[in-house]
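Here the chain labels run A, B, C, D, E and F in written order, and each chain numbers its own residues starting at 1.
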Amino acid sequence: MHIRVVLPVIGETLVEHVRSEVLAWASPDTKVDVIALERGTASIESEYDEALSAPGILQRIEEAATDGVDGVFITCFGDPGVHAAREIIDAPVVGGFEPAMLTALSLGENVGIITVLPNVVPMLHSLARRYTIERRIGTIRVVDLPVLGLEDHEVLVERLFEQAADAVAKREADVIVLGCTGMLGVAAELRDRLAAAGHRVPVVDPTGAAIAWLESSVRLGVSPSRTTYMPPPAKDRRA
Amino acid sequence: MHIRVVLPVIGETLVEHVRSEVLAWASPDTKVDVIALERGTASIESEYDEALSAPGILQRIEEAATDGVDGVFITCFGDPGVHAAREIIDAPVVGGFEPAMLTALSLGENVGIITVLPNVVPMLHSLARRYTIERRIGTIRVVDLPVLGLEDHEVLVERLFEQAADAVAKREADVIVLGCTGMLGVAAELRDRLAAAGHRVPVVDPTGAAIAWLESSVRLGVSPSRTTYMPPPAKDRRA
Amino acid sequence: MHIRVVLPVIGETLVEHVRSEVLAWASPDTKVDVIALERGTASIESEYDEALSAPGILQRIEEAATDGVDGVFITCFGDPGVHAAREIIDAPVVGGFEPAMLTALSLGENVGIITVLPNVVPMLHSLARRYTIERRIGTIRVVDLPVLGLEDHEVLVERLFEQAADAVAKREADVIVLGCTGMLGVAAELRDRLAAAGHRVPVVDPTGAAIAWLESSVRLGVSPSRTTYMPPPAKDRRA
Amino acid sequence: MHIRVVLPVIGETLVEHVRSEVLAWASPDTKVDVIALERGTASIESEYDEALSAPGILQRIEEAATDGVDGVFITCFGDPGVHAAREIIDAPVVGGFEPAMLTALSLGENVGIITVLPNVVPMLHSLARRYTIERRIGTIRVVDLPVLGLEDHEVLVERLFEQAADAVAKREADVIVLGCTGMLGVAAELRDRLAAAGHRVPVVDPTGAAIAWLESSVRLGVSPSRTTYMPPPAKDRRA
Amino acid sequence: MHIRVVLPVIGETLVEHVRSEVLAWASPDTKVDVIALERGTASIESEYDEALSAPGILQRIEEAATDGVDGVFITCFGDPGVHAAREIIDAPVVGGFEPAMLTALSLGENVGIITVLPNVVPMLHSLARRYTIERRIGTIRVVDLPVLGLEDHEVLVERLFEQAADAVAKREADVIVLGCTGMLGVAAELRDRLAAAGHRVPVVDPTGAAIAWLESSVRLGVSPSRTTYMPPPAKDRRA
Amino acid sequence: MHIRVVLPVIGETLVEHVRSEVLAWASPDTKVDVIALERGTASIESEYDEALSAPGILQRIEEAATDGVDGVFITCFGDPGVHAAREIIDAPVVGGFEPAMLTALSLGENVGIITVLPNVVPMLHSLARRYTIERRIGTIRVVDLPVLGLEDHEVLVERLFEQAADAVAKREADVIVLGCTGMLGVAAELRDRLAAAGHRVPVVDPTGAAIAWLESSVRLGVSPSRTTYMPPPAKDRRA
């Protein structure tokens, strides 16, 4: 199985980190390649960033279609370009939000998302409504760190723990979802710290959820419905 | 009052038609200018088209902000780029969907949208959910003409009438909304044909609704909330 | 354009204040007249008051129909008699709630209403459900002043500010709607005080929203659907 | 137990029929009196009629409060004046809609209402939303007879059967609710005709449901919450 | 009228207490018998307990069907076995949740449930969704006593009062529903204590609500719809 | 990884067929064992059957907990015993409904379920509400064959195709979910027949979806939340 990971930002600095993390979640026999954008933004933290990165993402989707990959992971929790991508490739395409949230729905009543900045919160509420899962969102909280400021592992885990523990204690969350695909390699540690504090709740890593979702979809022989995601009509395009 | 109309497609052919139609709806003392895109697509009929046109739209929004306009109408029923635009300009920004639909809500129980192609239907359902008005959509139907094939006035009115009359007769619609801003200059005629056939229902023109909405917003002194539409953080962008 | 403002209370004391406020919002070429009720209550602060004022309001609607006005504003935030009125006049009719709330929906995620007394809060929740917009109500709060006790401008603005600032700070509101049409001439001041305190959120005045809504509706050539608002069958009536 | 039945129309012609029907449903030890309105309309088939009858109904409620009755049934399926009434009397008050519909919810998945005229259908949808039960309405249909044209028992039963049988066959209804309190004495016959045709579904009579609801409420010692239905503030009223 | 009360637990210790309480709510001419289970659990406080008690409950339902009773009350607030029971008996069957909650809906806006243990809270949310009434649940709280620890009347009333008063004060509840049918004989006292503290809200006893519901259903001639509750196909069963 | 498949019926006849089908979906390194019930019913086609099979299922869950399996699949589309099971084992437990439906949500707008008999349809609507996904159900249809009558492969595929093609053509479904885990080995064939008829929609096999879900959950290190699924309190149980 061949999975293409589109890192929807410009710059190569995160590519290796993402690759190693994706490989850690993927099945041993899954081939993974990771590619960043030629055009876009340094990170995605607003509707504006999402809009600016969309054409660069779709360029990578067209390449993926040409390369005949089996699935595509656009590694951002805001699912940028995901629905447009499904119109132009015959393979499953996911971002981080949808697979992480659908996974979370099977684990408990209220889902608590912990994301990066307040800017992102309204976008996630909009996404939840688009996916008709807004009734299950118990809380959306932030660590108040930008995407490019998540590299300090201890600070990140500490802030995630504070927010998650408070959300569970107030009964706003039964399941925690990490609300940024840049929060790499912290899910298990957060789950264990919560358990040690008496909060036995699952923590869903969106990168892991996305890779597992794609592998499952390929195995199940399903790809996006062509009555929902119709191929775009031919026309002049100059993006 | 100065309203900037962003025609979110490439090519100048539609500019004059849009300008005259907008002027017909606008108050006499409203200044209107219409500008198409440098980069984008010839029409918008898919998520893919929307994504490709977004950076070109946002470039026009930035210019509008610099020019200090009082309001912006992105003249497409899919509201492309609208939410991103609100993050970067301190003035009301609307597409065609939101003002037409909110207007329709005050006119009757079930809203029937008649749009161009089947491709667009799932996008409109997604928009309706995003705006939390999906429960009021009675039906979404199509004239089965592409955006660039709407110029035959008689064919267009005939197909609109067929769909609208059928929707009202089946009690799927109490209000008709024209589901493409390219359906110019047909609302009153459609309303009158429906009335002549015994269907006394209002028909909402999205261009008219958008212009009225912007003028009202300016008069009311309101613009998008900065707790929902936060300014994007500074970062490297190369779109 | 000729707009009839029905002040749905008995007594003439408020008429001039309402007239000047409405004129301040209306277009220069809009003719406005304001008329109070012969029968009704001194103010509307309960379902009981609404019910008692309904026949007096409908008498004014029948006169407005005879006079051939272009639109009617029943100036109360509870929308008393609005739906009955739509059955008997071929022109747009609004109260304060519907146009203010639909306007607010386009401005931000959660709407905070600040009204007069706790008595009114359940009525507004019922209205929100009737209009299928209850999911967007973030909070309904009160200044705890009766309708006839709103004349002290400073007290009113102070209490509005306290409630609005608290609602925004707690993320319960991204948009503020003044929940009584008797809160005249305070919207801009409240908005500016909130902005000065760091809360950049719009404030919607229901009188302004209603006048703009009616003018827009007339311009758009729309009036309430006759499949939703059917003319009442003939019969003996003795109200 | 003393139940006051308010027949919310002018004219005495229906009083005896209603009285005998109510007595047939009531417990033997329940005292029942039936009183029509001094002011109002000959029947209620529109929002307009409801509004005009409200003050006359509330006059009867005030008398009922003075008389110390144990419960009040406003015998109309549109629940006219019910919520206003609850503000001014310390006893349970119901119309026909709420008790019939809540009873129906316990009997099957989708509720089919069969009412008199198309005019009434949007009002019932509004009521359903007010009561947050709209998701359970499978269909609202009409016999296309006015309230004052229901006296031909055979025609009424025939039309009810046609609509109900069709609704059940199309899986739009698992429970039938008679949508007018003027459809007296037909529920059991309709149920039996449906069963004979192979449709084993319950039929809820709104008069019976209302009387049973009031007797149950009195027995349970419950009356409307004063935090939802607050007493109206004192003021000048001239209805 | 003959009502069978199924006490869905093993052991006879509660039978007499339940019988006397049911008789206190029932009409004088209603015959009541109470029977516990042969197989099941000592109390029901989890999905696990509900599942284990289901076959024992259904055995009692089959006996009730053979005995030709007019209605069955499965006396547990979790409605265990209720929907399965409706498939196999031609008479109304209720637990405590559905009749208490539907009764509460007619009394005020937000319903506050006070139940026994935190374990039960997610089950009640699931039930509320199944019955499509989740939007009316304002809060679900606990006295933190197990079902078999409710016998200390004073402790129980004190804890109920604390939770109910706090819920009403915070506007989370306009109506209180006792969330366990083992909370016998406390509803009126709780209501009076709340009223003495200024909280004039109704308190619904699920046992009383269930008995009144069954008696009303029998009087109305309704029983569960056979298009929702179809008879199970014949097959080999060995439970 | 060790997955225990609980076949929630009595009798061994299906065990081998289920085992081979599960093995076909499972990863090569997943150990699978399949075990039927000692007590229960020959098939599950009603709430009654579900209730009777629950204790037998939970006995198998307790054994699975003792055996330390990594995940449990209760192979029935009605998810019988799933929520009770999650209270008593520290490993993921799924039936067929939840993983198939959550998978389907990511593939298209409206989900069409095709199940066995009409008896099952109301149960599936209830499940959809419990899981808060009812808004995405476009249609639930039946092949009108009992669970134990699915062995004729051609008849089954033919009836599935008829229902699925009709549902897609009427725009009631964008994704097809097989609504019985006894519909083994037909998903790919149905998908291909639909595609050949011009309907390019995915078909989700619940057995495959469940196995993939369990393997993904184990890989992600998540199991059901202990704040939603609390361990049952100790007590006397005699099931």
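Keep in mind that, in the parts below, contacts are C-beta pairs under 8 Å (C-beta built on N, C-alpha and C of every residue); 3 or more make two chains touch, one makes a residue touch a chain.
All values derive from a computational prediction rather than experimental measurement.
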item	value
From the options B-C, A-F or E-F, the pair that copies C-D, where over half of the contact pairs coincide	E-F
Same-site or different-site touching of chain A by its copy chain F, using the half cut	same
Maximum centroid distance from chain C, chain identifier (CA atoms)	F
Between chain E and chain D, distance of the C-alpha-averaged centres to the nearest whole Å	27
Whole-Å gap between the CA centroids of chain A and chain B	30
Distance between the centres, which are taken as Cα means, of chain F and chain C, whole angstrom	52
For chain A, residues contacting two or more additional chains	109, 122, 132, 228-229
Residues of chain A that touch chain F when the two form their complex	25, 27, 92, 94, 98-99, 102-103, 105-109, 131-133, 135-136, 168, 171, 174-175, 187-188, 191, 199-205, 208-209, 212-213, 215-217, 219-229
Complex interface listing, chain E residues touching chain F	10-11, 39-43, 45-58, 81, 83-84, 86-88, 117-119, 122, 126, 129-130, 132, 146, 148, 228-230, 232-233, 235-239
